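So, here's a batch of structures to check.
In what comes next, subunit A is part of two complexes: it sits with subunit B in the first one and with subunit C in the second one.
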Partner chain A sequence: MRLTGAIYRGGIVLAYTVMLLPVVLLAVTSVFRDAIIAFPPSGLSLEWYRNALGRDEFLDGFVTSFKVAAIATLIGVPAGTAASLALVRSNLRAKQAITTFLLGPIIVPGIVAGTALYLTYLLAQTRLDRDIVGTLPGLVAAHVLLTIPWTVRVVTAGLQGLDRSVEEAALNLGARHATVFWRVTLPMMRPAIVAASMFSFIQSFENLELTLLLVGPGMSTLPIAMLNYLEFQIDPTLAAVATIQIVVIAAMMLVTDRYVKLSRIV
Partner chain B sequence: MKSLELVNIRKDYGGAVAVAGMSMQIARGELVSLLGPSGCGKTTTLRMVAGFVAPSAGSVLIDGRDVTRLAPYERDTALVFQSYALFPHMTVAQNVGFGLEMRKVGRAEREAQSLEALRRVRLEHLADRYPRQLSGGQQQRVALARGLVLNPAVFLLDEPLSNLDAKLRGEVRSEIRALQQSLELTTLMVTHDQEEALTMSDRLVLMEGGRVRQAGTAQDLYERPADAFVAEFVGRSNVIEGRAEGGGFRTACGTLLPAAAAGAAGGSFYAIRPEKIVLAREDAGEGVGGALREILYLGAQTEYTVMLGQTPVTVIAATPGPDDALAGLRTGDPVRLSWPGASARLLGA
Partner chain C sequence: MAKLVLPAGLLVLLLLGGPMLLMLRYSFNVFDPLFLMKQAFTFENYARAVADPYYQKILTTTILVALACTALTTLLAYGPAYWLARMESRWKSKLTILTMFPLLVGGVVRSAGYLALLSTDGLVNAALRGAGIIAEPLQLLYTPGAVIFATVGIVLPYMILTLASVIESIPRQVEEAAANLGARPGRSFFRVLMPLSLPGVLAGATLVFILCMNAYATPLLLGGPQFQMMAPAVYEQFARASNWPFGAALAFLLLIVTVILTSLGSSVIARRYRAG
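Now for the complex of A and B:
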């Protein structure tokens, strides 16, 4: 018993180390003074943060990523939630097929889906005689393909675990179907919807593969701006950008956690 | 006029029959238990009354009004679910007030009534808690309060005690009965626990295979079972196969058992309750001889299994004291069993 306990605890420590070590290293190297990472560093500095915040491509990328993620989440979560309700609750015949179809975009490799979208956009551009590649609507449309599947995945799971008799109880107590939905079903789905929103936002915000071909001049997302920077420089500026990004997302999670306990939904 | 009346209701699922034509009536303030083995259609019947399942045929009448085609929210029933089904995102008080809110009762009145209902189940001090912060027994009482605050025409309980431990079950059982009687609620309760049904109900309806097997008071079913199925399901019975012969009953393996002259003609089953049998040592001289096969000590009572030929017969008697004639009886000992013929019943299958 003692031994298995020790192995168990050791396993937990190891898993956390593997998960957190890169994050810690990232944060640490972001304050190293040397342009080429060396250990031990010759000194510490916030130079790279100054560089990161001073470069327009990162700031613009952050703003674009944030806008795209926010809009794609606002579109994808309600749509995905409605789809999940239909898939779990109705007697649709092709349920399984529809589910697979809706999850498709996150099953197909991102770069494949991205290429397909790129070609489609090009075709549409010549037909419609207007830009789609490199525009905000073009990016949002692509990212809705991330937020819908993630929502369907999370909300469907949540709905399946939902006790139908609670809704029946509301009907029995005199609530009509619409009232049951707004007063009982939706509140009970809230944790799943919050989780879905968060997943969707983060998946969209950090997406690289699907987006790669769809950006254009003046309309690039943060991950792509980082990739472009990496092609020419390897100084710790990227570590600084990544650290800021981690802090922002962690802050968002903490705020969310105030409203819905995340530990109870994931 | 009966508070609840089921007229030949029936439910088919595809080819399978869940309820095969049930008729019953419940008078105002009466508690009737639906009892029966698993899958016999109890829950389906209850759900047809609440309006969650549409009957394939027949009708449901509440206070004389046909409600068969009405939606659940249009019926004056309150159902207490087996899983309690409390609203997890509402406080106890909000849970209890929900039905009143749906009936457009004003806020102040609603709060007063909810608190009163919670007082009845002794939970007024937990009004601001959420269901997850309550024990199983407390959740169960909230579910009761949520229903009875509406003073429904028909109160429905689906195995209300099945998620409680044995001790709590006894307490809640008498609590429910007391509430039901003081509020004079017309109640239909589903259970598969015959002890629960016997102790709580004014009347019992024993179902089997989607049909009523026998309906009546606890005494009716226990003392005068209509057939061997009822005798075995309600309480414990020794049910022995054979045929009536002269003034007695000849078992399949040849033993002659005492029977009252007026046995059910043609009955091929003989039923005798374990507690009606008197066990004596072999030298008692009277009664049917057999061999003691098993002794189960249950504390105040002892259960004996006696073989009459190849037929095992269970006897339940007060545990003998040290000076009792039966003290020191061992398995394998020859014994005698006796009982008045009138205690036994001859039954059809």
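Now for the complex of A and C:
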């Protein structure tokens, strides 16, 4: 009995350590003074942050990733929300099959979908005589494949949990269907839509596998810029970039959590 | 209202369905050093991908690493998931956010973190040397163990969150009933909680297995140049070798093996439990 409890508690500590230690470690090593990360450090320094902010590849990567994620979210969340309404509320046939199809981009390995898109882009490039690989529209189109399934996943779950009696009450009180949708249904869906937007944005922002072949010179995303910089060696500049990203993501989560309880969504 | 599914449906069809068909067609073509690719209809590329010992080894490594990671992740996630699901204090939502947080930080950043943990001058070696346990640093990096360790750490949050949401939906009374009827915690776990949480285990394990089969950053950064897995190998065919037909065949092989193994796994486990 006591042994079972010890294993249970030890397992919990182990799991959270394995999960969180690397993230904490990056933040810690980003203020080490030495150019090669070694424990213990000979001193502390904030020099690496200046170094990180001065490197164009990270700044450009950040801007590209941000633009791609924002536009892909603006396309994917409305499309995914509309699809979720149809999937949960309409008399659509073969709902299960359509749901699986829309979640397909999550099920197909990112590297496989990415290569398929790469070949399609190259074919389209020769036909249309214009660049698609290594352009913003090309990246956005690919990342819509991330934002749609994540939105469908989060919003269908949210819709299934909605209390329909509120809408029925509005209808009984004489509101028209359109009014009920805009004034009752949509506001009730707000938490799910906010959460879907956050997940879509971050999934796009940190994606690697789907994006690998689709970047080009001068048009790279932050994760790929970081991966190229890593080159089998971790140094404090990269730790500083990673820490800035970690802080941005944490801030986004905390702000979102003020509007919708994230723990209720996933 | 049914029409609302169209925008999303058409986008996925255009951006995933079409490209996958194109890649399928390319995988039957023949590589040509001069024109890159010649139209053909041959299974040569698939035959090579399956028969070439070099790629056999890569595929075997990928499957073994993915299986090991899935098993370890499931084992490691159960405790935290149960803890999270049955927690009632105000810390619950904080802990859920903390569990989600690493997911959203991204694989590349966390792989970098595992590098800082496992490298020759990394935290583990420094701690072991500081404690006087070892004199020379251990070679932790560029081993299969490092890849498995980091991959488990990276996919663990998915498993915990999926499992926790399923365990939460199992009424507490079921466990209390088992305890009242005299079942000890271990027995109650294996005979009551585990069978009931099986859908969550399956959903989580499937997702985790797909992610592990698809892993790119961890094998590349923590496995070193000698350690090969499928995702980097597929990338290599397009980025460097420019052998599109073979690369396409490798990509489909990866997809087919993933689909077969996930459906096989779910049906075997589901049947076992229906019988027991």
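In the analysis below, the second predicted complex is superposed on the first by the 235 of 266 C-alpha atoms of A that agree within 3 Å, B and C clash if a C-alpha of one lies under 4 Å from a C-alpha of the other, contacts with A are read in each partner's own complex, and residues count from 1 in each chain.
Definition applied: a contact is a pair of C-beta atoms (placed from the backbone, for glycine too) under 8 Å apart; a residue touches a chain by one contact, two chains touch by 3 or more.
This structure is a prediction, so every number in the text was calculated from the model and none was measured.
On the superposed subunit A, the two partners subunit B and subunit C both fit, without a clash.
In the superposed model, A:12 makes contact with subunit C only, not with subunit B. Between subunit B and subunit C, C contacts the larger number of subunit A residues. Applying the stated contact rule after C-alpha superposition, one finds that A:169 touches subunit B and leaves subunit C untouched. Legend: residue contacts after superposition of the two complexes on their common chain; A:238 is shown touching subunit C, with no touch to subunit B. Once chain A of one complex is fitted onto chain A of the other, the partner contacts of A:148 are limited to subunit C, with no touch recorded for subunit B. Taking the C-alpha centre of subunit A as the apex, the lines running to the C-alpha centres of subunit B and subunit C meet at 90 degrees, rounded to a multiple of 10. Once the two complexes are overlaid on the shared chain, A:21 sits against subunit C while remaining clear of subunit B. The superposed arrangement places subunit B and subunit C with a least CA-CA distance of 17 Å.
The part of subunit C that touches subunit A in the complex is made up of residues 1-5, 7-9, 11-12, 15-16, 18-20, 22-23, 26, 76-80, 82-83, 92-93, 96-102, 104-117, 119, 121-123, 125-127, 149-150, 152-153, 156-157, 160-161, 165, 184-186, 210, 213-214, 216-217, 220-221, 224, 230-231, 234-235, 238-239, 244, 247-248, 251-252, 254-255, 258.
Residues 163, 165-166, 168-176, 179, 183-184, 187-188, 190 of subunit A are the ones that touch subunit B when the two sit in their complex. The touching residues of subunit A, when paired with subunit C in their complex, are 1, 4, 7-8, 11-12, 14-16, 18-23, 25-26, 29, 36-40, 75-76, 78-80, 82-83, 85-87, 89-92, 98, 101-102, 104-105, 107-113, 115-120, 123, 141-142, 144-145, 148-149, 152, 202, 205-206, 208-209, 212-213, 223, 226-227, 230, 232, 234, 238-239, 242, 245-246, 249-250, 253-254, 257, 261-264, 266. Chain contact summary for the complex, subunit B toward subunit A: residues 50-52, 71-73, 77-79, 81-83, 85-89, 98-99, 102-103, 146, 150.
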